[in-house]
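Okay, so chain A shows up in both of these, paired with chain B first and chain C after.
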Partner chain A sequence: MADLLVPGFWIFVLINAGIYTIFALGLQLQYGVAGLMNFGAVALMGLSAYTMVISFITWNVNFLVACLLGLIAAGIGGVFLGLMARRLRGDYFAIVTIAFSETFRYVARNASDFTGGDQGSLAIPSDSVTSSYVAPWNEFVASISIHIESLTGITLDRDSIMLIAVWSVAIFLLVVIARLEKTPWAQVLRASREGDLVPSSLGKNVGLMRTQVLVLGSVLGGVAGIFFALQFSFIQPNNFEPLATFFAWMIILLGGATRVVGVPVGALIFGFIFAGTRFFDFPPFSWFDSADKAYLRLIIVGAILIAIVLWRPQGILGRRKEMILE
Partner chain B sequence: MSELVQLLINGVVTGLVLALGAAGISMVFGVLRLVNFAAGDYITISAFVAVIANIDFGIPFWLVIPIAALAGIILSLILDLLLWRPLRRKKAGTLSLFLAAIGVALILRQGLLLFTGSGSRSFDVDLLAAYDLLGARIALVQIYVMIIGIVSIILLLVVMLGTTIGRRMRAYSDNSVLASVSGINLNQVVLATWIISGALMGVTGVMQGLSQGAFESNMGWALLLPIFAAVVLGSIGNIRGALVGGLVLGLVMELSTWSVLFGGIPGSWKPVVAFMSLAVVLLFRPQGLFGTQTRSV
Partner chain C sequence: MNNLSTTNPILQAIDIFKSFGGVHAVAGASIDVSQGRITALIGPNGAGKTTLFNVLTGMVVPDTGQVLIEGAQFQGKPPHVIARAGVGRTFQGAHVVTRMSVWDNMMLGAGNNPGDKLRGFFQPRARKLFSQNTKSRATELLDEVGLINLKDEYAGNLSGGQRKLLDFARAMMAHPRILLLDEPFAGVNPTLRLGLTRLIEKLQSEEAVTFLLVEHDLPAVMKMSHHVYVMAEGGVIYSGPPSGVLEDQHVVDAYLGPRSWKAS
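Up next, the complex of A and B:
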């Protein structure tokens, strides 16, 4: 139980919850507004993280430009999803997006000359001896830390600064997306959930708007991907399994899929459930060893998913009336 | 030439596995509008039941095939009773069903890992035996997979085309309102769908376990995406389409490694080929190869 009292552990949990907030926000925008069931969102996170890391390590691009390239790559992935969404809806779109994300992972695993394969970012080809991409971020953090110390006298470590950075970005994006979801643009997309006929007859290009919402959501996934890469200092293909997308869906379900404010609430609950299962050292959980506990943790996630769908489809904050889990 | 024959043999074997899995999943979608994302784990669990019966209980290999089918059926019926029926009663929509299926998939696969560990298992058959065929090698297990696959497809077609319940299932799948109005009993159709699809999942599990030689608890999950690609290729809900879609996809995946085609792509890229074929087909024929209309929502 000792970990429970260490602040560093909780900071770690909160950083992850922040990254998942940004990631799930993209899905909330796509589903909550446009009714699109994107089950391949993790690919955009991976696309952005890999583009950032590869352009920094292999192509020696400036760090900030590398981050920007990562976001652009995620946006281009979103355009591809938009192309698919022009033809496919509902289940079809969901299946094809999962297949898209697994394809991304297969490519990342197999194109090892380029991506480092299963060894991840450590094996990405590089001119210099060290192939780490976190050095510029660490320098930035160090300089910020010195500034804060000289101003306030408080010393902050790397994780605390990451925590502040992730949640500042998350809250900023939450406000922006919450406003966006009240615009006429979002209203037209909401109307399009019932079919393209009405909005199209009013002269709205629904296909284009769907692509826009997919690109926006993908760029949010891209932001999450860059924070993920910086937080863990190492990325590998298996970080981007469909499981991460399922977690994000669970987060928006927990929070109530129709409300933006539900996303951080869901992410925090999810973060604590996921981390909390580590401390289940009483029976029946104490009968299992740590490998078994990892399986047990995912069983709990699956059970919660089913329980929400069965008994509380509106989530914790959602209002039943406006919750249309179609 | 012998390389081509070899790839054709492998392609038919892969294709038969995909075809039967796809038919089972497609049939459930046709009747219940449910994308059963947990189907991969039905496949794995049936295969594990069969391998335990075969190795731990010494039951001869050919007898464990019906046991695997039975395991698939029992699992399908239990889950229908516990989960899918309550969700049907609540008129749960697409997203609810999809997320519930993901929940089931997580519970089944992690549960299996919990009970069997991460080791791999094999059936009690001669995995090394192989024969010459036009300069290529055909393994004994490949012959087994072909026999099981072809017999299953014939049985499936007889049931679907030749029996009353098969006609009712197809009628319900084509137009549920019209079928209900003409007095078709939904509960009977649902039961028959789960029984046939469960048996198909079980047989698919044995076939894939055989063709891989050794298998682990993630076998079904790895198989699920190519199967879904075959389902969509053959137009979701269309059983004959799923069978053809599976065979075509199996052949395309294996033939993509043929050295005559620009040197062939490495074998580890086969899943990527499956997805690319799916994406290309969907861009030009969103209703799949056998669909008649553009599907929406």
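Up next, the complex of A and C:
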């Protein structure tokens, strides 16, 4: 349990929770408002991360432009999902999104010349650390750190600054999306969960709105993807397995899919359960070694998901009536 | 009532054909809906009335034929485009958004809402102004159909008849110039039915709304409509004043004759 007292560990957990908050916020918008079951959301995260890294390293694009290109790539992925959503609903759309996400991952694994393949981060251009895409971020962090130190006398390490950056962006996005979800635009999408007939007979272009929500959700996934790439300094195709999407699903179901405020709550709870179980050394956790514990936490996560769906389908903060009536 | 069917058709269906598989749901039907009038569309089950409605509102694309709104072609256009051209509709099964309150259903109906667009997010003033302006309309309409006390209720908790009234009131939120009603009286109790009849007549006279309605309640149709079309087996077999319907041999055959037993 001693490890649990190290602040660095909790900062790490909180950074992850922040990245997952942004990622899951995209899903909350798609599912909680528009009722779209996107089980391939991780592909947008990957698309953005990979585009950023490839633009920066292979094409020598400016770092900020590379980040922007990453977000644009995620947005284009969202347009593609929007085209599919015009034809497919519910379960069928969900299946296609998983296929989309796995297609992305397999392309990333096998187009080695372009993506670096299984070894990741373009198979690491080995000249020096500075060739890595993380270098400009580190420079930025260092300059911020010096700035803060000269102002306050407090020295912040890389992770602390990352923590502040991730949560500043997360809170900003939470506020914007929460406001967006109060507009008539969001109301039309809520109505479209019960079919297109009513909104379209009232003059609403539901197909367009659905594409818009998928693009927005994808760009949010893209933001998370860029933070992910910066935080871990290294990306490989298997970072973007479907499991990551299901974690985000668990977060919104845990917090309550119909409300934005449920997203950070779900992400924090999830983050602590997921990271914390590794260090629990009381029974039953002490019966397992650390490798087994890594699997045990997946079992715990799964069990919690089943419990939520059975006993509290609206999540911790959701609106029950909006979820289960009829 | 007087027959002015030939003046000013605001909505026209010309020679519409539509088949599903081998079944000819609509086979060469043509109707004119006159501006500011109440036109009724009647016929036995399976005559193609609802399919024709769906063609007129863009929910079904016709195989051939034209849909004209004030002379402009609209066949095959998506439903929201036709709705924005001023054609509202209600549904046979009364489609309400069950997981929204009655009030939110009404607000959904408001046409040209700046907040419906994503860029409306950046125009909070326009959104606020619009919602203030639409509130009185929603209150007025809910009052007319007797649902004002239920405005905070989830629409999914309404009875079938109440849902029909909400569907109707919501369609009126957009100030449609033409309103297509699919069996507005079915499942509505006699008192509300009377109120609904009065409301339709009032909207027709005060707001100059044009109505086209599918209805099985013949006495109601005879009483309120200016012009009647009778459909059978996908085609129009009668067009004229309500008074002539029951005297028409084709109509009698379609409803009572041997043909109706063989078909559908």
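Assume the second predicted complex is superposed on the first by the 313 of 326 C-alpha atoms of A that agree within 3 Å, B and C clash if a C-alpha of one lies under 4 Å from a C-alpha of the other, contacts with A are read in each partner's own complex, and residues count from 1 in each chain.
Definition applied: contacts are C-beta pairs under 8 Å (C-beta built on N, C-alpha and C of every residue); 3 or more make two chains touch, one makes a residue touch a chain.
All figures in this text were calculated on a predicted structure; none of them were measured in a lab.
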Practice task
Quick one: on chain A, after the overlay, do chain B and chain C clash, or do they fit? Just give me the call.
Solution key: fit
Practice task
Figure out whether A:G195 sits in contact with chain B (first) or chain C (second), or with both, or with neither.
Solution key: both
Exercise for the section: Identify the partner contact of A:A303: answer first if only chain B is touched, second if only chain C is, both if each is, neither if none is. Expected result: first
Practice task
Using the touch definition from the top, say if A:R89 reaches chain B (first), chain C (second), both or neither.
Solution key: first
Practice task
Counting touched residues of chain A, say whether chain B or chain C comes out ahead.
Solution key: B
Exercise for the section: Report for A:W59: first if it touches chain B alone, second if chain C alone, otherwise both or neither. Expected result: neither
Exercise for the section: Classify the contacts of A:F172 with the two partner chains as first (chain B alone), second (chain C alone), both, or neither. Expected result: neither
Practice task
Return first, second, both or neither, reflecting whether A:P184 touches chain B, chain C, both chains, or no partner chain.
Solution key: second
Fill in the blank from the handout: For chain B against chain C after superposition, the smallest C-alpha distance in Å amounts to 10
Practice task
Name the residues of chain A shared by its contacts with chain B and its contacts with chain C.
Solution key: 195, 325-326
Exercise for the section: Going by the contact rule at the top, pick out the chain A residues touching chain C in the complex. Expected result: 179-180, 183-185, 187-188, 190-191, 193-207, 209, 212, 321-322, 325-326
Fill in the blank from the handout: Per the touch rule above, chain B residues touching chain A in the complex are 29, 35, 83, 86-87, 90, 92-96, 98-100, 102-107, 110-111, 113-114, 225, 228-229, 231-232, 236, 266, 268-269, 271-272, 274-276, 278-279, 282-283, 286, 295-297
Completion exercise
chain A partner, complex, touching residues on chain C are 57, 59, 78-80, 83-84, 88-89, 91, 95-100, 104, 107-113, 115-118, 120-121, 127, 131, 154, 156-157, 170-171, 173-174
Handout entry: Complex interface listing, chain A residues touching chain B
Key = 31, 37, 39, 83-84, 87-92, 94-96, 98-100, 102-103, 106-107, 109-110, 195, 246, 249-250, 253, 288, 292, 295-296, 298-299, 301-306, 308-310, 313, 324-326
